[in-house]
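First chain A sits with chain B, and in the next complex the same chain sits with chain C.
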Partner chain A sequence: MSSRVSTGARPGARFAQFKLVLLGESAVGKSSLVLRFVKDQFDDYRESTIGAAFLTQTISLDDATTVKFEIWDTAGQERYKSLAPMYYRNANCAVVVYDITQASSLDKAKSWVKELQRQANENIIIALAGNKSDLVAEHPDKRAITTADAEAYAREAGLLFFETSAKTAENVRELFTAIARKLPLEQAGNRGMRANPRQGVDLRPEAPGTQGGGACNC
Partner chain B sequence: MEELAPEYDVVLLGTGLTECILSGIMSVEEKKVLHIDRNDHYGGESASLNIEALFKKYPDSYSKGEEPWMKYGRGNDWNVDLVPKLLMANGDLTKTLIKTKVTDYVEFEPIAGSYVQKGSGATATVAKVPSKPTEALLSPLMGLFEKRRAKRFFEWVRDFKDEDPSTYGGLDLNQCTMKEVYDKFGLEATTRDFIGHAMALYQTDAYINQKGAAKETVDRIQLYGNSVNQYPGKSPYIYPLYGLGELPQSFARLSAVRGGTYMLNTNIDEIEYEGGKVSGIKATMRVRSEDSEGTMFSTKTKKIIADPTYFNDANKGNVKVKQVAKLLKAICILTHPVANTNNSDSAQIIIPQSQVGRKNDIYIAIVSSVHHVCPQGYYIAIVSTIAEGKDNWHLELQPGFDRLGKIEEKFMKEPIPLYEPLEDGRNDNIFISKSYDATSHFETTTEDVRDIYRRAEGKEMVVPDLRLDANLVGQE
Partner chain C sequence: MGHDGEDSLATSEGGEELANDRSKATSPPRDGEDESTIRVLKEEGAETSSKVESSTISQARFQSLETEQEYRPPLPPRPTNVNLLREGSYSPKSSLQRSRKTSRPQLLSTATTALSRTDIHTQSYQDGSRETFDASAQTTPPSKATAAFGSIKRIKDLSGSEGGDSASVKSYAPSLETGGDVESLLGEVLGASQESPAWRLHSTQNGALNPFDSVAYEDDEATVDFYREFDEIGAVAADGENEEQLLNQWKSKRKHFLILSSAGKPIYNRHGDDNLISGYIGIIQTIISFYEGAHDQLKGFTAAGARFVVMSQGPLYLVAISKLGENDLQLRVQLEALYMQILSTLTLPNLTHMFSNRPSTDLRRPLQGTEPLLSALADTFTRGSPPTLLSALECLKVRKTHRQVINDTLLRTRCETLLYGLIVASGRLVSVVRPRKHSLHPSDLQLIFNMLFEARGVKAGGGENWIPLCLPGFNKNGYLYMYVSFVSAYESGGEEGREGQNETGKPDDIAILLISANKESFYDLRKMRDSLVEELEANGSMAIIKSAVRRGRPTATDIVPGTVLRHFLYKSRANVQFTMPSYEPSFTTLLAKRRLLSLYHALHASVHAKNAHLKVHHCISRESISLAWVTPLFELYCVAGPHASRNALAQSANKVIQWVRREEERVFIIGGAVF
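Our next item is the complex of A and B:
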């Protein structure tokens, strides 16, 4: 679970794990983006929580480099401004999502970026995702936020930027790949990561020595 | 209000650990849960504070206009507990964390040492609590012959099995007192002290002459020993990275992931009743850092579970709790490890009451930067006990301060009242938890969780085992 870089079976191969948090107003499609990325699924009528502690997905950047994301959903705790500091704790990267058909959702996204800069690691990599591009492809008049406006803000704030569609999968993989490329692979496991340099106590079910002997994590 | 339901199965008030465990478990049981806190942060009395918030919680600790926290580095590198407690490695809370997979959200470090004081003042001995027969033989706490007697006692405890009377050693464990057990092994008073107070973790000597309490005492000593053996530490305790405040947050996330709704910064304006039983709440969610009046809302609920601070307002006529004791506590910042702890990064030191002429034990819990609760080079030591006098509280804690050496910063106030509910809640369906007591661990907290569940649901709580739940784990 903790971020780490380890050498793989082949010489020179690298494997790094990072915590990614999702932020954004309710109903902008945060969970849908993750579901598309992790399971390549989309559901028009999804319930607002995904019911998982976190999801994981790996990306191969090249023959020798694999990045694994541990993706945390807000579980609805953003709805009444009740996200806990634990949520941001040791996040290496964040995807802040807005809905390109809802003007107010970009303002909310901007305040989440500020919140991240206040609460999270200094070196956190933030990507801004303007979701629901499929709606605009069908009905251009539905667009409420121009690409240029959002892009200008992202550049100014130092964020990666993509317009995405969880429904059609447009730019979803590109978004996560761009984040993976920007992550400090050579530093993972050292600074600001979840890795614990000491021989700590591992209570997770898969850990040897705990009561989780029969537990399966697959 | 967006997406708020017209009715909930349970509304919880206060996001302390007790309420958050119940919220998590009830959400997993698919109950409709609304969880409210008047504060803008999780944890209530079981929160951990950054250094600035800590100074501000103790306004007498600095002069107006000063910013003493500035010299302590990045404020967010500090996570100082308000409750001086540790987790028993083999205790009920640890088992609950593992079973519910809340361990996905929080990591732990061992507490390096567990110590007990013999004697008082300059001649006091501080030594590791022996937990095995072999350790008893090496302990400076006992003389040569006493060591052998203690070894025999520990062997007996180790082999004791509740279901096998042949291991009772000829004693009627269901009836006898712990005094009879100690007498049988011929243990001296100071040995009884460290066994009863530093291993069985009783805070007073009331257990010694209580009929039938011997078995519970043996259970407690076994829990201590099993906990020492559980993880690669030399104490029975473990501690969450970033402080105890991570625990309520983690159970709150479990609840939210399973559909529970969270609202911080929300005041309860009115509790509504129908036929003497609670029927709903009226509340106001404030908007942080804005002067607006907030959003008022109401919803129905079948039950309320609350921490005692939500039912203790005489002005509103809603007092449903009574004060049972007062906890005296001082949070101390040090820049050195504590003497006689083998330079440990963390420790618990217990000063049994009889050693310093008190009725209640003094506890010292020490954590440091390896637990990510302060920057490197600092140590946080919390000295606590049950207040016995009406004033001069500083003197009551003095035997603890004597152990700490130079103290950079000391945060202390008048004693904190500890509350218990007046009624069990079955009459009005309002179930109130107890304040976090003076014990050094969370075993009484999970006992309270189980008791509240029993009162509210009319059956025993079964901690759900989510380790085998395929829906909960990510794709590998």
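Our next item is the complex of A and C:
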């Protein structure tokens, strides 16, 4: 369910599948980032997400490596809080989003990071995205959180960090590509090939024990 | 097509058909004089002819019922009543007024059960000088008790449009009763006790405005307003300078919905932000609690041409304010739907818990994200919605054998955790599977359809969806989880030049809905969806569904060749489903559709008036001739142009019945698939 790596038809070609979850306060632009990443579109009058949306997108890291993201775009609302673990439980990576023009949204982002570091997959890759950078490009006084502050926090907490704009597409692809590069491709790859051919290699700490030595299919 | 004057409605097609004496009595006789006022039902014609009517209408509603107990000093008529008085009382030139006058005595002499309506309308001509609340939807004459604290005088500017008026407000005895319609969708096993309140039809003793009233509520100015009805009202500027302009914009809206807590906290309003209208919210809350304090319940009142209907649901007050001529029963159904949406977000125990913990709870936060759903419902009601009016569902028309294959495919691919499986195409049900012991409730489906096809939040996501929601008709105490994904009806994306929009503006998409009680079952249901779609593609069902969606509804003349009918609604009471032809070619604009729906509302009100045991109700206006026909099996509402004869209309109505009978298993889902 979480990640899968297999070799394609071409010798040396690698294909990996990872589960990614987006978290963050309502209206910071989670769905917009996904829409930009998956469909390269942006909608100014977007209605907020109801429940959670599940999308997939495949990117090529290089000629030989393809990564498929299975993305959970969650609604940031309180009443859905109890469902969040279901979305991040087996996630390989997470994008925690805040709105650089809303100071409170970073606090919310920090609390999601904490929750992920406590509850989610131990090896989870977390990226922090400060969204709506286009807004401050025109009106610098709209900025509520400086790049330096956010960057310092991200470094301290061990997160990837980007300031993005779903509207202009700035740094959106870069964000997802950086995550893909940081994912344990080799590790998962080796394991995936050792494990059962069935999909859904579980990367949780207890998981390796459950994976018997399947036949190598290389 | 001439007018057949005194002809009876009888056609030569058998006893069960439209040959009812009473139908004759309830329709006004027509003669040569009428013809001078008859106009072709064209949009332009309709718009220009409506001016006179609308001014008389609002006045008529103003005056309405005076109770006998009340002392009424004779006051001179208002200048604005001139139309009414002249046309209604002295000059028989207007078809509108004529029909009123001439029909009532006949109604009285034959249909004695409709006595109260006669009284009301007779009285409404006697005193044009005072506004009291509208009686059109009263269930009983006000009791002594309610009359005792009957009027709150001088609530200035309550609805805002008639400066300086003092509105007299009175509650009426809370005696709404459940009507005879026990409605449970596709649920043979469902007892009356399980029926959902949202879809009970409350009967009112006198649901009827004069049906003409609401048909032509627009004058030219208001017509323009209706196109602005859905425009957003901006925010109040920091200096408050634009406040008056915004308030005027707010007042010009023909319909409002407000939701507030019993403590007076605003929860939802369709137009304008809280700051702008906080004064009005305060007034409404004061009025409501005034009655509450007197151990009475305010149900509704009329002020300045707007009907106010108040519904109290636990810790919430829901208020509808309409200038569209709907009656209380119809507005209540709409309020009920908004309440169901709130339950659907929160569940009943959560809602009650929050308020019993803290009566001053601000519900906006827990409801975050629900506002677009409430507004989508509200706007649907403002545009006019056959499913809501009829409390029934529409199905996609496909052959019985084809539907059988689709049902079987759903059953075959069903996974363990599935509770309900549905396929819905542009708001019309294609197929449903359910456990034998659970039925599906139309009110629940209304919420789901609204979420998927009217609001944009889910569709815009562009992926698959996993949505926790409470379906109050099924169980108002807990959540279910719904898997949703869409399949485009146009393989290569709207190549046929329709841009993926059908006639009702809903995207022409096919939604696969798989509902489970297990919140972990997303991946199971997703797998089921994949094999379901794969099999539907393989056995040709998907192509059948897509082509049915693309074909759209047949027009009235496709259904009955050469018919005078412009449109109809046919509701099968047993199936809680309805069918109708396309809005093309006559009712394609927002306004034309609203007029049509207003006419349907008026017809519906007259045949659902309590004690008005009308089986057939005719309504003739300058714009149209229409008919409501109700039997234990069905309700039929149909509309023809003004030049059609009643005879031709009746014949067409019979043809529609025959068509439905022939097509019954195609236009309706009968039984549905169970496991």
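In the analysis below, the second predicted complex is superposed on the first by the 174 of 218 C-alpha atoms of A that agree within 3 Å, B and C clash if a C-alpha of one lies under 4 Å from a C-alpha of the other, contacts with A are read in each partner's own complex, and residues count from 1 in each chain.
Going forward, contacts are C-beta pairs under 8 Å (C-beta built on N, C-alpha and C of every residue); 3 or more make two chains touch, one makes a residue touch a chain.
Quick caveat: nothing in here was measured; it's all calculated off a predicted structure.
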Touching partner for A:31 - first (chain B), second (chain C), both, neither: second
First, second, both or neither for A:52, with chain B first and chain C second: both
Comparison of chain B and chain C by chain A residues contacted: B
Touching partner for A:123 - first (chain B), second (chain C), both, neither: neither
Chain B versus chain C as contact partner of A:60, first or second or both or neither: neither
Chain B versus chain C as contact partner of A:111, first or second or both or neither: neither
Contacts of A:81 with chain B and chain C, given as first, second, both or neither: first
First (chain B), second (chain C), both or neither touched by A:39: both
Set intersection of chain A contacts, chain C complex versus chain B complex: 1, 26, 38-39, 48-56, 71, 73, 75, 77, 79-80, 86
Sites on chain A touched by chain C in the complex: 1, 26, 31, 35, 38-39, 43, 46-56, 71, 73, 75, 77-80, 83, 86
Sites on chain A touched by chain B in the complex: 1-2, 26, 38-39, 48-57, 70-71, 73, 75-77, 79-82, 84-87, 89, 194, 196, 198-201, 203-205, 209-212, 214-218
Partner chain A, residues of chain B touching it in the complex: 2-3, 41-42, 89, 94-95, 97-98, 101, 103-110, 230-233, 238, 241-242, 246, 249-250, 252-254, 256-259, 261-266, 285, 288, 370, 467-468, 471-476
Chain A partner contacts - residues on chain C that touch it in the complex: 345-346, 365-366, 368-369, 372-373, 451, 455-458, 460-469, 482, 519-520, 522-523, 526
